[in-house]
Amino acid sequence: MASEMPALDLPRALEAILMVVDEPQSVVGLASAVERPVKEVQAAIAALVADYDGEARADGTPGVRRGFELREVGGGWRIYVRGEFDDIVRDFVHTQSPAKLSQAALETLAVIAYKQPISRGAIASIRAVNVDSVVRTLLGRGLITEAYTDSETGAIHYETTELLLTQLGINSLDELPKISPLLDDGRDGFDDVR
Amino acid sequence: MASEMPALDLPRALEAILMVVDEPQSVVGLASAVERPVKEVQAAIAALVADYDGEARADGTPGVRRGFELREVGGGWRIYVRGEFDDIVRDFVHTQSPAKLSQAALETLAVIAYKQPISRGAIASIRAVNVDSVVRTLLGRGLITEAYTDSETGAIHYETTELLLTQLGINSLDELPKISPLLDDGRDGFDDVR
Amino acid sequence: MARSPEPAATIEADAAPTGFRVTLDDFDGPFDLLLSLITKRELDITEVSLSVVTDEFLAYLRAMEQDGSIDALDQASEFLVVAVTLLDLKIASLLPQGELVDAEDVALLEARDLLFARLLQYRAFKEVSAWFSRRIDEESTRHTRSVRLEDQYRVQTPELVWTLSVDDFAALALLAFTPKEVPVVGLDHLHAPLVSIREQAAHVVAMLRQGEPVTFRQLIAGATEKGVIVARFLALLELYRHAAVGFEQLEPLGELTVRWTAENWTDENLVNLGADYGQ
């Protein structure tokens, strides 16, 4: 394919697409849009990131550190205003900053993030409180979603969404801070505690 | 003010703003945002245009012709996809917007139709999922539109358009079948959900 | 990460001592060394009183708090690994033998061990939730490009295919408005009822405010649900945090005596109690 379209300037095509998207774009999705191998697209994205960050070009020409940057967040790539200009752009964007999550909601979110997929009952047994309304809040905010319903117990299991990753500014769950392996295998000891 | 903020890199600040704004921005508006004289802003914009067009820098360094460009439209400046990438962007947009609305989009549309004007947060609490991207799709399809922005919360409220009536084959919203009593007082049940 | 199970045995290899030391009848040293010895079977797990370790760890946490070093999540989480592993080991070794004579002692011991582990797990999530909060705050100030699609592209999106009649649409609305509730049928009997820490705190406060010191055993007397015992214990910790109670324990595994120490206590304090726990 590449030989048929020798003229396509990949980094430029990608930045054109990135101008119209309103969600993080996966490398695979971008690759299929430009009909190029994933590897090439990956390299082009890396080049764009360096370009916007003002790194010198291959030929040594000094770069320009742009007022925007390309970030990998929530499973894909997206153009962001560079952090130091966030104050300046704030007045131009009517962001509805959502109400802050309560401490209880944050802790419940943490439990779900680390133990997903997890049922409400299992969350409640860890949090020692009724978590129904908190779970509804998290669902409504799109931070968690229903993963599956246990066919035997009918218990809905929840998992976190890509929106959570976006709101945390991370690209995958692997970037969550380690809290310890205990949360995997220590479970059995607690199951009977309610 | 300029003397207090000697560090502000004007072209970078402007491109940060231009990356996030939806409407073309007047030079005067931009100048007041960055607290710089209109003349300076004009010069900086001209420099940005040349920069994105890939003209050589003042020192002779060759530039990069970007996949986007800065254009003056309707008395203001906005970043657009550069013309030669129209095809690729169009293909991309095509694959992103299937001809049929998803079940989630249809249900969200139904919620808006019966509860308009309604904010995104309120929709989310009824649907118990994040509806941001669905709302964008409906906006893009012209089935809903922004009714007003709550001056206190800044929350945008949405309402359905004539296009929806046309699609449904009715003349006014009054012709929507009643689905009460769920609706009359149904709200109270959702109030605690955010 | 939740999906990469780490065998607890790796703890043994990692001998980096935490700052937390324990002093038991037949052991005095870093806590993870204790675990090493147990896993190498050089120390009998049933000889180790987790309740003493609990008390010492709480004291250790208090000391860290006073030092202002409570942010040491690393240390706390490392400790958690050790503690829970210990608990698992202990449960495993207690169950088949069941040599202890006093059934009430066994019950109390198990309840306290479980409380201990729960408390630790609870703390871990509480601490990591601070990271969530900070990241969400930081990220909420970030702006991303999210502009309306240029008209030329919008016009060219494929024509919408609309197949719904107005009645279909109304049916869809009905579906959308029906609250998504978990099917609760038949689940209740599987779970003990949820217990309110605040309610249990009210019970604890009522007992303590009579003036006489009360033992923990007395405080949980008559409680048959583990959840109630857990809640009363957490209530006590909360009350301690509000400087409303003092503890006294003369010897490891000895009677834990609770004394009412609040000077200005109103029912309003009670209302706020346990708010951190979401109820």
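Structural remarks
Each chain gets a letter, A, B and C, in the order it is written, and its residues are counted from 1.
To be clear about the criterion, a contact is a pair of C-beta atoms (placed from the backbone, for glycine too) under 8 Å apart; a residue touches a chain by one contact, two chains touch by 3 or more.
Small disclaimer: the values here were computed from a predicted structure and weren't measured.
Using the average of C-alpha coordinates as each chain's centre, B ends up farthest from chain C.
Between A-C and B-C, more C-beta contact pairs join the chains of A-C. Taking the mean of each chain's C-alpha atoms, the chain whose centre lies closest to the overall C-alpha mean is A.
Chain A and chain B, compared by their mean Cα positions, are separated by 21 Å. Chain C has its Cα centroid 27 Å from the Cα centroid of chain A.
Chain B and chain C have Cα centroids separated by 43 Å.
For chain B, residues that reach two or more other chains under the stated contact definition are 19-21, 80-81, 89, 93, 127-128. Within chain C, residues 143-147, 149-150, 153 each touch two or more of the remaining chains.
Within the complex formed with chain A, the chain C residues making contact are 1-8, 10, 73, 77-78, 80-81, 84-85, 87-88, 91, 114, 117-118, 121-122, 124-129, 131-133, 135-136, 138-147, 149-150, 153, 182-183, 185-187, 190-197, 225-227, 230-231, 234, 275-279. By the touch rule above, chain A contacts chain B in their complex via residues 8-9, 11-20, 22-23, 32-34, 51, 61-62, 64-68, 79, 81-82, 85, 88-89, 91-94, 96, 98-99, 133, 136-137, 139-143, 145, 161, 163. Listing the residues of chain A that touch chain C in their complex gives 18-20, 22, 68, 78-81, 83, 86, 89-90, 93, 95, 97, 101-111, 113-116, 120-121, 124, 126-131, 134, 153-156, 166-170, 173-174, 176-186, 188-190, 192-194. On the side of chain C, the complex with chain B involves touching residues 143-150, 152-154, 156-167, 169-170, 172-180.
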